[in-house]
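Shared chain: subunit A. Partners: subunit B in the first complex, subunit C in the second.
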Partner chain A sequence: MTKTAFYNNPRFRSAFYQLAVLAVVIWFGVEFAINARANLEAQNVRFGFRFLQDPASFGIVQSLIPYGEQDTYGRVFLVGLLNTLLVSALGIVFATILGFIIGLARLSPNWLLARLAGGYVELVRNLPLLFQIMFWYLAVLLALPGPRQSLALGLQPLLLSAADGFAYLQRFGAPDAIAQWWRSLAEWIGPPAIYLNNRGLIMPRAVFGEGSRIVAAAFVIAILAIIGLRAWARRRQQATGAQFPLLWPSLAILVGLPALATLAVGWPVSFDLPQLRGFNFVGGSQVIPEFTALLVALTTYTAAFIAEVVRAGVLAVPKGQTEAAMALGLRRKTTLRLIVVPQAMRVIIPPLTNQYLNLTKNSTLAVAIGYPDLVAVFAGTTLNQTHQAIEIIAITMAVYLVISLVTSLAMNAYNARLRRADRWRA
Partner chain B sequence: MKRIVGVLGIALAIGLSGQADAQTLKTVRDRGALICGVSQGLPGFSNPDDKGTWTGLDVDFCRAIAAAIFNDPTKVKFTPLSSKDRFEPLKSSEVDLLSRNTTWTSSRDALFNFAGVIYFDGQGFMVRKALKVNSALELNGASICTQTGTTTELNLGDYFRSNNMKYEVIAFGSADETIKAYESGRCDAFTTDMSQLYSERLKLSNANDHVILPEVISKEPLGPLVRQGDDQWFDVVKWTLFAMLNAEELGVSSKTLDDALKSKQPEIRRMLGVDGTYGEQLGLTRDWVVRIVRHVGNYGEVFERNVGASSKLGISRGINRLWTKGGIQYAPPIR
Partner chain C sequence: MSATFVREQLVAPMEQPRSNVGTPAWLQQKLFGSVLNTVVTIISAVIFAALVWPAIRFMLIDAVWDGSSRVDCLAETVGRPVGACWPFIAAKFAQFMYGFYPAEEVWRINLTYAIGIVLLAPLLIPPVPYKVLNAILFFGVFPVVAFYLLIGGVFGLPHVETRVWGGLLVTLVITFAGIIGALPIGIVLALGRRSSLLLVRWFCVIFIEFWRGVPLITVLFFATYMLPFFLPEAWKLDPLARVLIGVILFAGAYMAEVVRGGLQAIPRGQYEAARALGLGYWKMMAFVVLPQALKLVIPGMVNSFIALFKDTTLVLIVAIFDLLGQLRASFADPNWATPVTLLTGFAFAGMIYFAISFAISRYALYVERRLSTGVAH
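Then we have the complex of A and B:
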């Protein structure tokens, strides 16, 4: 073997190129920092994070933690972050459920169902998301009546309209007593406590009194007991083949234990009922239309993509698997649940993770409809009021990066577990 | 996602852009046009028509600068900017100045230079007549729509807090969304500077169903602003405004200009460049004020045409009258 020059040595070469790239990146970073500093100095902006302790003095319409104008920009950051996490997490849960239903529906042998699901996917994923958000917000939610003409939801309005119906029937000789009876039943039920109007959905707020801890503890114990029961049932089935009917005992535990606890300590929960006073409802808790519009739009939009991911995943499972399951006498639903979906999951999870990340990033469209997410209140309002652009953008990017990484990690862990389970089963 | 890319762009711009250009006047001349940051559409102040032609008080001010530099008021490119995103483009030299109903405050002045006050304003509220509200102090518990990135949302917090009133604020990214949400009943009140209430009211399908409440809850001196570190450019912008005010004070309008050029009054002769080289000292030409008044008009003409009693907005001059007429508009002399 002839001796090659050291610069032709592939290992040297690759090390050299990597070092060169690294050097360029470092040089770029240093240059960026120096330049940024000089520019900021020229623009009179003082660099640093001290502004996070300054009072924000603007209001925020939705906040999961106590917040007022006298609170700091640091607090604004937290409020925005929690609002982002709230809408993203709920969006992910609902989009997954809806996406799976639609994806499976699209594969259904029922012609109409499959076409409907297909139509949904084509319609929803071909309209721009911002347009859909605006649609839900302006055309649907803000088109609801104002606070004074709120739609009342609940048992009483239902009973009252039943009473009205019977009162109408009186003309045809129905006894008066029936309408009266419905009316008094409505009275006894009490006024409706859920209202829907263009300010949002207004509901009673549960106030947890003394003893509610005990009931909550009973609830947790019930859940643990159910998990234990399931494990036992599975072991028994594996050992003896005998199935155990899980549903009813589980429900009984879930309802029974907390009910017992309630009997023991008395009903610990009271309700703060919303009341129309002045311009709006006071009391109760309110789901603002900005939140609902964003959540609905993100859910329905992402569900269309998830449906396609699910469909692709299911189609990727060899047909022989289904045929074998059918041959063993499993029903279609059971085949889907036990044979097809678990195998499809391996194909589904990576693109599903992508959809989750997309949903989170898409939630930044919130500012268009005034939902106070992280980008709106922090990278928007706070940046505008403090002019600390670099710090704020760095923090915001870091947050989205962390959210994305955590989502990916969780999904990867889930995927790894599925694979292990697969191997173990095989 | 687009927003993230947007903010990333800002960060990169700050990190990568060269030192702020200290020769804006030269840059503008070489470019052959002025780039002016304006609102995204505010009738009377800065508003594009169907053909994309901009009109308004803030727009005319930009045209006045172009007239002074190029003797041609059309040599302006307008960059529409939302309240929230108006400052970064000025910082990173994407626009030469901001002429966009922007309130002069200490924190903004610490980063930019305000060239004066083109409109003395204050914040107010608009409500539906049907609410039968006569005063802002009756707004306890109301939902209020406003635009984010403004002094408006800060004043709102102050006002309700100091009057011990509760409120709910929904802050939108653009003026159009804000007014749409208000119109559809999401909010009981809409708040911004008084002048903009008049302007936004024109966008409502039934303007007469809405009233502007009497309370003025803040001081909003609106004026054009430039980057720091370019004194010459700062002077050009500042003195364009002063020239328009001085012309009105001395009774020189686009209609009387030709007579005024023959005037014997020393003040008028100096202003119009008949005597002295005051324009040249500023880096402009001797006839700079002639150019401004001929192509655009004096302050009073511009005010009347765009927002005054005879315009669609129908705002009375009020404190924006000249100091000689009982108002507070006042410009230093040209000499």
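Then we have the complex of A and C:
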């Protein structure tokens, strides 16, 4: 047996390569640190996180928590983070709804509807998101008329236009009473309370009076009761096979308990309606156009991707599954609920989560139109004022990394659970 | 005497029922089968008409085709409602395409495009031979030629600063440089992630997951504001180069995951056969595994190419004026301020973005179909 040279020994090689990588990484790290130190000194910037306690002295147009110019940069960070989370959460909800509708429409047996949905997906997916955000912001929302010519959204304008339509039909002999009836219905409904203009979306603001806590508590108790009821029904079905009609009792609890609470304490919610005074609206709550543009663009963009995920998920369920369920005598509705949807969801959920993550990361494009998200107020304005580039960008990146990591950990746990449930298949 | 009770000839198949073939049957099945289906069809048709008809009116019928200033695109001048103001695009065309690249040097950009197309087209058409040579020319030689053509400063070409580059030129430069830089990084990271060396694997996992976990904007901010701190003071990096570094690192991490998918799809037997033949790690990868794996992931690579193409718009946030950036800048020109300027600009840029990205995605689909017929299931 010949002796191999030591440099051909696999263990030596493995150790050598790993040490080499480690050495390069350390060398880069040290080099970066030395350079950073020299550059910071040259620019007279002091490294550290002290600046988070300095007053920010700039205003932010939208804030979920009380914020004023005398507040600190730390507070700015919090305001930006909450704004990011707000637009992401709403975007996720709306994009899911729209995405499922469009994904199922693409699978519709109706040729025209399927094509329409397909066209939407192709158009939206092939245009850059930032292009779409700018389009909604500059060409749609800022191009709206000013407050005095606001577009009114709501039931009354809709009813009035219906009345106009019937008034037009009078020329062809339709009775006058119909248009009159629609018009009086519109008056009874009252003026609309939602306005859209180039300063934003103006909506009524709910004012929660005394007793609203009791009603909210009743609502929470109702939901808990329904969860309990479902668990009980499930156990009973597994033990005895007898099914329990869940839908109506659940609805009764959900509506009944809060209704009883309302009867006891009186109607606790009133609305502060917006009113046009002079050149602008007072009262109500105003949503800035930057927020609306970002939300609309994120929703429509992500919905196109979710639609594809949903379509792939439904198509992934083999036809034999549906046919077998039918052969067992299950009804169409039951087949969908017990056979198709659970298997489709298993395929849909991982990429769906990925889309949610993408939406959250894409919300950073807010900075291009001036919506005060984390990147805009913290990595933007705060960085420009304090010049603490290293700290600020590291913090900002860390926030998104944490969101990503937590999501992928949750996803891994979910996949592991699925694999456990899947064991019998292997 | 023989009697057969079995027919000797097959009975000719019956024709399909009339109601099952032809346009009326198709209409009935696909559009008007039931009341609900009919209602859905009508609603869809209304939505379709409400979207498409105004678009056609805006872009063709009501559009203004000739003119030299904003006045020609005002409803008062034309005397009817106006649609798209195409003279605005004509006036800004050079800016949208080349930014502020000196007009007498624009031929250099066009020459670069021409060389690129001549090299790319045969690469994309599968039956054309000499793929390896072609790929080396396109991915290896072309970037160098393009670099010197665009920047200049050699062979008597005047130097053109990247500061004046803009429009579609910057969009394409970032996309191509991004993809060409990301490919080798992606391959190395993917190999590293599947390596048996613990430290190498961990380094690659952390590197990949870091860049994939953060939004591209923060990467661009990192490259623009944070990176200069980490480099020696003497290195004054060009803003475009800084952005390119960020884009390449970001795209490289995504590319690594695409390549890893291909590596995982190669059957174990291929690795084992290569080992049995006595090939070492690098030879096994270079001659057996990677050629197969890279071919498998072409659709995935093309898709990340589309994603990168769309993502290049983000550079306008760090003050690099790509197509979208030039578009936004052009809206500020008071000489062309009309009620339809915004929509005209968005329509034009939208068509460019859509055409390129739609064409590439169709190509990815085509390659995918071709590959899937070659692989036995």
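The rule is simple: the second predicted complex is superposed on the first by the 313 of 426 C-alpha atoms of A that agree within 3 Å, B and C clash if a C-alpha of one lies under 4 Å from a C-alpha of the other, contacts with A are read in each partner's own complex, and residues count from 1 in each chain.
Following the convention adopted for this analysis, a contact is a pair of C-beta atoms (placed from the backbone, for glycine too) under 8 Å apart; a residue touches a chain by one contact, two chains touch by 3 or more.
As the structure is a computational prediction, the values presented were derived from the model and not from experiment.
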### Query
In the superposed arrangement, does A:Asn39 touch subunit B (first), subunit C (second), both or neither?
both
### Query
Who does A:Glu290 touch here: subunit B (first), subunit C (second), both, or neither?
first
### Task
Examine A:Thr364 and indicate which partner it touches, taking first as subunit B and second as subunit C; both and neither are also allowed.
both
### Query
Given the touch rule stated above, what does A:Gly329 touch, subunit B (first), subunit C (second), both, or neither?
neither
### Query
In the superposed arrangement, does A:Trp111 touch subunit B (first), subunit C (second), both or neither?
second
### Message
Going by the contact rule set out at the top, does A:Asn280 touch subunit B (first), subunit C (second), both, or neither?
### Response
first
### Query
A:Ile393 contacts which: subunit B (first), subunit C (second), both, neither?
both
### Message
Just checking: does A:Phe131 make contact with subunit B only, subunit C only, both, or neither of them? Give me first, second, both or neither.
### Response
second
### Query
Looking at the overlay, what does A:Val375 touch: subunit B (first), subunit C (second), both, or neither?
both
### Message
Output the subunit A positions appearing in both contact lists, the one against subunit B and the one against subunit C.
### Response
32, 35-36, 38-40, 42, 138, 143, 361-362, 364-365, 367-368, 375, 379, 383, 389-390, 393-394, 396-397, 400
#### Entry: Parts of subunit A lying in touch with subunit C, wherever the complex brings them together
14, 17-19, 21-22, 25, 32, 35-36, 38-40, 42, 108-113, 116, 122-123, 125-131, 134-135, 138-139, 143, 361-362, 364-365, 367-368, 375, 379, 383, 389-390, 393-394, 396-397, 400-401, 404-405
### Task
Would you pull the subunit B residues touching subunit A in the complex into a rising list?
1, 3-4, 7-8, 10-11, 14-17, 19-20, 83-85, 87-88, 91, 107, 110-111, 131, 139-143, 145, 148-149, 153-154, 156-158, 160-161, 167-174, 177, 180-181, 184-186, 188, 227-229
### Message
Give the list of subunit C residues in touch with subunit A in this complex.
### Response
29-31, 33, 37, 40-41, 44-45, 47-48, 196-200, 203, 209-210, 212-218, 221-222, 225-226, 228-233, 306, 309-314, 316-317, 324, 328, 331, 339, 342-343, 346, 349-350, 353-354, 357-358, 361
### Query
Which residues of subunit A touch subunit B in the complex?
32-33, 35-36, 38-40, 42-45, 57-61, 69-70, 138, 142-143, 146, 198-199, 277-280, 282, 288-290, 361-362, 364-365, 367-370, 372, 375-376, 379-381, 383-385, 387, 389-390, 393-394, 396-397, 400
